[in-house]
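Order of writing sets the chain letters: A, B, C and D. Residues in each chain are counted from 1.
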Amino acid sequence: MTSLWLPLLIAVPVVGAVVVGVAPKSAAKWLTLATSLVVLALTLVMAFQFKPGGERFQFVFEADWIPAFGVKFGLGVDGIALVLIGLTAVLTPIVIAASWHDADAPHAKYSVKTYFALMLALLAMMVGVFAATDIFLFYVFFEAMLIPMYFMIGSYGGAQRSYAAIKFLLYSLFGGLLMLVAVIGLYVVTTSWVGGDGQPLFANGTFMFPDIIEALKTQTIDSGTAKWLFAGFFIAFAIKAPLVPFHTWLPDAAAQAPAGAAVLLVGVLDKVGTYGMLRFCLELFPEASKWATPLVIVLSVVGIIYGAIVAIGQTDMKRLIAYTSISHFGFIAMGVFAMSQTAQEGATLYMVNHGFATGMLFLAAGFLIARRGSPYIADYGGVQKVAPLLAGAFFIAGLAGLSLPGLSSFVSEFMVMIGTYSSTAFGSGALAVAAIVSALAVILAAVYILWMVQRTLHGPTAESVSGMKDLSKRELWVVAPLLALIIGFGFFPKPLLDIIRPAVTDTLVNVKVDNPAVAEKGAGE
Amino acid sequence: MNTIPAPTIEYGTLAPLLLIFGMAVIGVLVEAFAPRYLRRSIHLPLTLVGLIGAFALVVWQVAKTGVPTSAVAMGAVAVDGPALFIWGVIIVLAFVSVLLINDEDHFVASAAAVPGSSDEEEAEREGFAHTEIYPLVLFAVGGMMLFPASNDLLVMFVALEVMSLPLYLMCGLARRRRLLSQEASLKYFLLGAFSSAFFLYGTALIYGYAGSVELAKISTALATGALLDPLLLVGLALLGVGLMFKIGAAPFQAWKPDVYQGAPTPITALMASGVLVAAVGAVLRVFWVALGNMDWDWRPVMWGVAALTMLVGAVLAITQTEIKRMLAYSSIAHAGFLLIGVMATYDSADGNSKSLSAILFYLLVYGFTTVGAFAVVTMVRDAGGEAGHLSRWAGLGKRSPLLAGTFAFFLLAFAGIPLTSGFFGKYAVFAAALGSGNETGDSLGGWMAGIVVVGVIASAIAAFFYVRVIVLMFFSEPAADGPTVVAPSFSLQFVIGVAMAVTVIAGVFPQPILDIARDAASGLFIR
Amino acid sequence: MENPAQILGNTAGGVIGFSWLMIALPLVGAAILLIGGRRTNKWGHLLGVAMSLGAFVVAVLALVQLLGLDPEQRRQAVHLYEFIPGMVDMGLLVDQLSISFALLITGVGSLIHIYSIGYMSHDPERRRFFAYLNLFVAAMLLLVLADNYVGLFIGWEGVGLASYLLIGFWYFKPSAAVAAKKAFIVNRVGDFGLLVGMFVMWTTFGTLSFAGLGDATIEQNGTVTAIGLLLLLGACGKSAQLPLQSWLLDAMEGPTPVSALIHAATMVTAGVYLVVRSGAFFFPLGSTAALVAGIVGTATLLAGAIIGCAKDDIKKGLAGSTMSQIGYMMLGAAFGPVGYAFAIGHLITHGFFKADMFLGAGSVMHAMNDEVDMRKYGGLFSKMKVTAITFIIGYLAIIGFPLLSGYFTKDGIIETAIEHNPVMGWLAVAGAGLTGFYMSRMIFMTFFGKARWDKDAHPHESPAVMTVPLIILSIGAIGLGAFLVLGGRLYQWLAPAVGGARDFVPAFHPFSVPGLSTLALVAVGVVIAWFKYGKAEVPVTAPRGSFLTTFARRDLYGDALNESLFMRPGQWLTRLAVFFDNRGIDGLVNGLAATIGGSSGRLRRVQTGFARTYALSILFGAALLTGALLLVGNL
Amino acid sequence: MTTEYLVLSAILFVIGAVGVLIRRNAIVVFMCVELMLNACNLAFVTFARQWGNLDGQIIAFFVMVVAAAEVVIGLAIIVTIFRTRRSASVDDANLLKY
C-alpha cells in the first residue's frame, strides 16, 4: 500500500517555494507563512492517523527513482521520524513569523523573496530527510539541505557570515562525502548478499532501509567492513549533530545566522545527525555500534560537560546558546548509544524538546539582539525593567534550557540519564558512571543560564537598553505557542512518548540488545 | 605477380565521421571560392547542418542497423557502443561550442597582423574575420571522433594529430589579449608535439613487441608473450605519456591552465569538453582493448597518477585568481576522477560495463556543465575583454542574480552536490570503483577503497574553491566599477539553456541518460 | 506499571479526591497574575490571598476526612495521570505526613499572604510578588503531596524557582540578583544528589513511587546507604545544611515575607520532609546514612547558632537561627519514628514562631524605613507594642521557655538524641544555650535599651493587616507544642505514615538531667546577653570584636571556602576551556585549511610559465611512469 | 643486427628530447621534436625489418605526412609569435604562469 501523504508533504513547500519565487514581493511573506501552515495542518492530520504499535513504517510511499543504481523514492515514517517531522512542521511557521523582517533591513539589497523561498525549500528537504526510507534518498536530502541553509547564513547573516557559511558547508560536505563512501560500500555489500534460494537478494542492489534491515536478520556484514561503514556514517552524523570534537562550526554558524535560520539549524538540521545515529548507525551496524559505544559514550559525556563549561565562558549570547546545544547534543547521543528503551525514548523526546526550548531561546535572544543591535551579553542589563514580556520569554526559555522540572526538556533529560544509568546493555557500571558525570551538567546548566539572565535581564537598567520596546503582537504570537508546548509537554509528555515507544522498541529489537521492553514485545507477538 | 587486394570500407558505419570530414573539406572550398562577405553566412549553416547530420546518422545507426560487432575499415576503426555514445556526446558538445564560437567576435580579425599595429586596426575596420575557424573546428571534431574509435595505434596517432593541429591554431586566434593567446598557442603546440612524439615512440616499441599496432593483435600478443619485456613496459609508459598528456593528468597537466586561460573562451570550452571526452575514450580503448591482459601491471601505476592528478588539481585550484585557470585546474581534478573510473575494471564483463557506463555518464554530464560554465564566463566583460580576474566577479549575485545563480549551479555541479548532474557522475564512478574493489581476486582490492577516499578528500578540497567563488559572487560587496554583463544573444541563451537543462535533468532524474550509457557500455569495446 | 492507588489498595474519594485543587488553585492564581499582567494590578493581591486561603480550606477539609477514617486507612492515594509511561504515574499521596505539611504551608502561607498585602503596599509590582507567592505555594504543595520522587522533584525545583524569583524580586539590586542566582545554583548541587539518588532507586527497586518503595523490601546495604546519602545531599541543599548552607544568609535579600514563608517556615524544611519521607533509606538507626544525617544536623545547628550570635542584621540573625533550628530537625530526623515525630513537631512549631518573628522583624523594618541593623534599633517596645509582644512570644518559644511550643519540640529532639547518641545530644544542648544567647541579644538590641535610631526614623505600629497575622502566629507559638507533643499525639498521628508503633508514647520528661541542663544553659545564655546588650550600652557601629566574632560574622568563612574551592578554579577552568576551544580545536581546523592553502600557494610556483619547464615535467613524468611500470612488473 | 638501429633511434630520440629541454629558440625546439619523430620512424622501420612485415614501413610514411602537417602549423604559430615579439625565444613567452 502506498500513501500520498508524505510526497504531498514534500511537494507542498516545493510548490510554495516556486510560487513565492514568482509572486509579487508584497505577498511573499504571507504566502510563505500560509504554505508552512498548510504543511503543519497536514502533518497534524497525519500524526493523528498514525497508529502507534501498528506497522513500523506507515504512510509508506515507494517509486522507482534511479533503477540503474537501485535507488527508490522511498518514504515512510515510524514514531521517531514522525515526531521529528512534527517538530519541523511546528517550528517552521513560528520561525517564519519570527524572521518576518530579517530579510529587510539592513540587508535590503538582498531579495526578501529569495529568503522565504529558501526557507520553504529547506522545509521540504527537512521533511524529506526524516521521511526518507531509502538511504540514498536520505543522503540526497542530507546534502542538498545544506545549500539553502548555506545561502541563508551567507546572504542574510551577521558580520562574519561568509566565513561561517563556508565553514558550515565544508564541514558538512566533508562529513557527507565520507557518508557517501559508506553508502556506496553498503550498496556493494548488499549486492553481494545471497538469499536462501542461492539467488542474490538484491540483484541490482537496494538502498531501501526496511528491506536491508529485514535481510540483515539472515545476512551479515563482515565485521571489519561493518566498522568502516559505521565510521563513515557516524562521523558524518557526529559532524552534523555536532559532537565534540567536530563541533566548532556550530557556534560560528549559529552566531552568524539570522535568528530564524539559527533556530532551524540547531533545532532541526542538527537533529538529522542524532536521528541518523539512532536510525542508521545502530540498526545497520549493530555489532559495530556496540563496538564503538564506549568511545561514543565518552565523546558525548565529554561533550556534555565540555560544552557546558565553554558555554559559561562565552560573551556572545548566540554562541553561548550554541554551546549549550552542543552540551545537549551530548545528552542525545548518550541516550542513543546507551541502548536502553528509556534512554532512547528520552533521546528521541530530547530531539523534539530541545528543538522547542533552544528554538525559543534563540528567538528571544534574536529579539533582544534585533533591538539592541549587539549580541554581546555585556551590552545588556536590567532589560526586565523596560521589557518585562521579552524578559519573561527569554527567562522561561532559559529555564527550559537548564531543563527545569515541569518544562519539557526535563522529562527527556531525566529519561536519558536514568535510562543510561539503568542500561544493562553493556553490563551495569560503566554507563552508570557516564550518567552520574553527565548529571553534573545540571549544575553547570544553572550556572550558564542564570549568569546570562543575571547579566542581561537583572541589575540596574543600562541606558543602552532603556528605550527598548517590549514584545510586539507578532512576536507574542511567535513566543506563545512555544511556551505552550514547552510547559504542556513538560507535564504531559505521554502523547509523544506513546508515538515514540514502539519505534524505539523496534530499533532495539534490531540492535539485538536484551531489553525488558523488547522482551515484552516478543512475548506480545 | 600478385595483386594488392582492394580494402573494404564500410561507408555506412563510418558515415558520421565521413560527413564531418566532408563538410570540413567543403568548408575549405568555401574559404577558397566564396566572397569574404558571404563566407560566414555560408559556413555557419554548413557546419551546423554537418553536425546535426552526423548526429542524426549516429542515432539512425544505433536505432536501425544496430551497433556493429566488429571493427570496420579493415580493422582500423572500431565503431562500437562506447564509440557511438562518445560520438554523440562530442557532436552535441561541438554543436553548442560552434554556437559559442559564432556567438560574438571572440576571434582576431587578422591573425597575421601584429597586435596594436595599424594593420590590425585596418583589419578590424574592414570587419575581416578568420572564417576558416569553422572548417578547422570540423576537422578537430572529426579527429575527436576518430581518436576514441581508432582500433590501431597508427590511426589513433593520426586522429590525435588531426584533432590537435586545428586546436593549436585556434588557440592563437583570440581577439583580445592576443599575446596571451599566441603564447598559449605556442605552448600548446610545442608540448603537444613533444608528447605526441612520446606517443609515437611508445607505439613503435609496442609494435616492436607485438609485431603489429592493431589493438586486438597487441592484446593477443600479451596473452601469449612475456609480460616483463622492457620493450613492452617502456613502450606502454611512453604511450601512456601521450594519452595522459591529452587528458591533462598529473604530472602532464602543466599545459592545461596556460592554454585554457590564453585560448579564446569558446575554444577553451571545446577543448575542456570535447577533447577531454575524446581523450578519455581513447585511454579506455587502449588500456582495455590492448592492455587489458596486463591490468595487474598498469592499474597500480594509474592509481598513483589518478591520486596525484586529483590532489594536484584540487590543491592548486584553491589559490587561483583567474576564473579560466581555476576551471582548468578543476578540469584536471575531474580528469583524476575519470581515471578512477578507468582503473575500476576487474575483468568481469559485468563489472567492466558498470564502470564503463559510469565513465560515459560522467563524460556526458561533465562535458555539458563545462561548456555551460565557459559560456557564462564569456558574458562577464571588462574594458579589455572578459573579466577574468575573480575579484571582478565579486557581488555579481547582486548585479545579475540570474547569471550568477546559473554559474553557481554549474559550480555546485562540479562540486558534486546532490540534485546536480555532477553528484551522480561522482557517485557512479565511486560506486564502480568500490564495486570492482569488492570483486574477489581483484589485484587492487582494498586499494580501490583507498583511491575513493583520496577522491573524497580531493573533492572536499575542491568544494572549497567552488564555494569560494559562490561566496565571492553572493556574499561580498560588488566592486564600484564592476564588470558589465552582456545581454546574451539567442544562441548564447541556447547554449547555457542546454547545459543547464542537462545539468538539472541529469541531477534530478538521471535514469534515461544512465540507460543510454548502460546500453552503450553493455557491449563493451569490440576487440 | 501499577499505580500507587492499586498498591495502597484504595483510591481516595471525597474531598481528598479533589486534593489536587490545593495545588491547582494557587497555580491558577499565579498564571492569571503573570499572564494578566498590569491589568490585574488592582485586585491581584486579593486573588493571591483568596487562592492561598482556598488551598487552606481544601487542606482542612481533607484533614477532617482523614480524621474520619480508621488510622490505618489514612494513607490516601489520588491518581492523576500517567506522567512517564512505564516509569512515573503522577499522583498525590494524602497521608498524615503530607497533610500536616499541607496545613502548615497553606495556613502559615495564607497568613503571610495577608501580611504581605500591607507590607508590599508601597511596591509598584506587588501583583508580581503575589504571583510568585502563589507559584511557591503551589510548588511546595506539589512537593509534599506528590506520591513519587519525580513529582516531589518537580515541586522541589519549583520551590527553588519560586525562591529564586522572590529572592531576586528586586532584580534591579545587583546584590539581590546575585543572591538569587547563588541560591538556585547551590540548590542545584543538592538536586544533583537527589537526581542520582533517583537513578539508583529506579535501577535497584524499579519504582519511584513512595508506595512502591513501601512494598519493596529494603534491607541495609551499600546501595541503600548510597541512596540515603544522595538524598541527604539533596536535603542539605534545600535546607541549607552544611556544607550547602551558604545561600541562606544571602537569601535575606528578598522581601521579608519571603524570608518568613520560604526561608523559615516552609521551603527550607523540605529537606527534613525528604529525609522523613525516605526514612526507609535511613534505617536502621545508626546506619551510615542516619549517622551522617545526625552529624550534619548537629554541625549545622551549632554553626547556625554561632553565626546568629554575631549578626547585627536582624534578618541575618534570624536566618542563622533558622539554619540552627533546621539542624535540630535534621538531628531529630536521624533517629527514626520517635525522632521524626519531634522533628516534624519542631518543624511545625518553628514554622509558626519563626514566621512570627520574621514578620515581626518585617514590621520593625517597616517602621524603621527598612533599616535592618539592630544597632540602629533599641527601645522600640513602647513604640510598637503588638509587634514587640508577638515577637517576644516567638522568642520565648524558640529558646524553649517552659510550656511554650519550642520547649516541647526541641527538648524532645534533644532527649531522643541523647538517648541514641550522647555526643550529638549534648552538643544540641550546647546549641540550645547559644540559642538563648543570640535570641536574647536580638530582643534586647531591638526592643529595649536606648533608642539608637537615625534622625528621620519615626517608628509606628504597623496596620492591622500586618499585626493580625502576627497575633495568630504567636498563638500558635504558644500552644502548638504542648498540643502536638503531650501524650505523643503527633507521634501516634504520624506513626502509620512513617512506620512506628502506634500504641507507644515517646518519653518526655522535662525534669530529667538533659531537660534541666538545657534550661540552665539557656538561662545562662540569656543572662550573658542581658549583661552584654541589655544592661550595657550597645555601640551604634559594631566593634571589631574577637577572632571568634569575625569568624561568625563571615559566616564561618563558608563563602570564602566556596570561592577558593569552586568559584576561582571554575573560572580558570572556564577560561582554559574557551581558550582550548578557540585555539586548540578550532585552531586545528583552521590550521589545516591554512596549510592546504599555503601548500597550494607554494605549489603553484611550479607552474613557472616556461614551456621548457613543462617539457621537463613531461619527461620526468615519462621516466616516472617507466620506472613505476618496471617496478610493479617486477614485484 | 637490428639492435644497433634501435639503439641509434633511442639515442636520436633522447637527443631530440634533451634538445627540446635545453634550446630556447622555438624553431630549434621544433626541429628537435621533428628529430624525435624521425627517431620513431627509424624504430618503426627497424621493427618492420625485424618482424618481416610492412606495417612499420607504412607507418613511417604516415608519420612523415603528419610531421609535414605539423611543420605547417608550427611554423605559422612561431612566425606569428616572432612578428609580435620580435623574438622566437620560447622563454620570452611566459606571461601565463602560476
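Criterion: a residue touches a chain if its C-beta (ideal position, glycine included) is under 8 Å from a C-beta of that chain, and two chains touch if they have at least 3 such contacts.
In this text the structure is predicted, and so the values were computed from the model without any measurement.
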item: Chain ID, smallest distance between chain and overall C-alpha centroids; value: A
item: Between A-C and C-D, the pair joined by more C-beta contacts; value: A-C
item: Centroid spacing, where centroids are CA-atom means, of subunit C and subunit D in whole angstrom; value: 97
item: Separation of mean Cα positions, subunit D and subunit A [Å, integer]; value: 65
item: Distance between the centres, which are taken as Cα means, of subunit C and subunit A, whole angstrom; value: 37
item: For subunit B paired with subunit C, centre-to-centre distance based on mean C-alpha positions, whole Å; value: 79
item: Touching two or more other chains - residue numbers and ranges from subunit B; value: 186-187, 190, 194, 257-258, 464
item: Where subunit C touches two or more other chains, by residue; value: 604, 607, 609, 611, 615
item: Overlap residues in subunit A, where contacts from two or more other chains coincide; value: none
item: Which chain pairs touch, all of them; value: A-B, A-C, B-C, B-D, C-D
item: Residue ranges of subunit A touching subunit B (in the complex, touch as defined); value: 64-69, 109-111, 139-141, 143-144, 146-147, 151, 154-155, 161-162, 165-166, 169-170, 173-174, 177-178, 180-181, 184-185, 187-189, 191-192, 228
item: Subunit C-touching residues of subunit A, taken from the complex the two chains share; value: 167, 244-245, 247-248, 306, 309-310, 312-314, 342, 382, 384-385, 388-389, 392, 399, 404-406, 410-411, 414-415, 417-418, 421-422, 428, 432, 435-436, 439-440, 442-443, 446-447, 450-451, 453-454, 457-461, 491-494, 497-498, 501, 517
item: List of subunit B residues in touch with subunit C within their complex; value: 186-187, 190-191, 194-195, 198, 227-228, 230, 233-234, 236-238, 240-241, 244-245, 250-252, 254-255, 257-258, 296-298, 300-301, 304-305, 312, 315-320, 461, 464
item: Subunit B residues within the subunit A interface of the complex; value: 397-398, 401, 412, 415, 417-419, 423-424, 427-428, 430-431, 434-435, 438, 449, 452-453, 456, 459-460, 463-464, 467-468, 471, 474-476, 509-511, 514-515, 518
item: Subunit D to subunit C touching residues, read off their complex; value: 17, 20-22, 24, 29, 90-91, 93-98
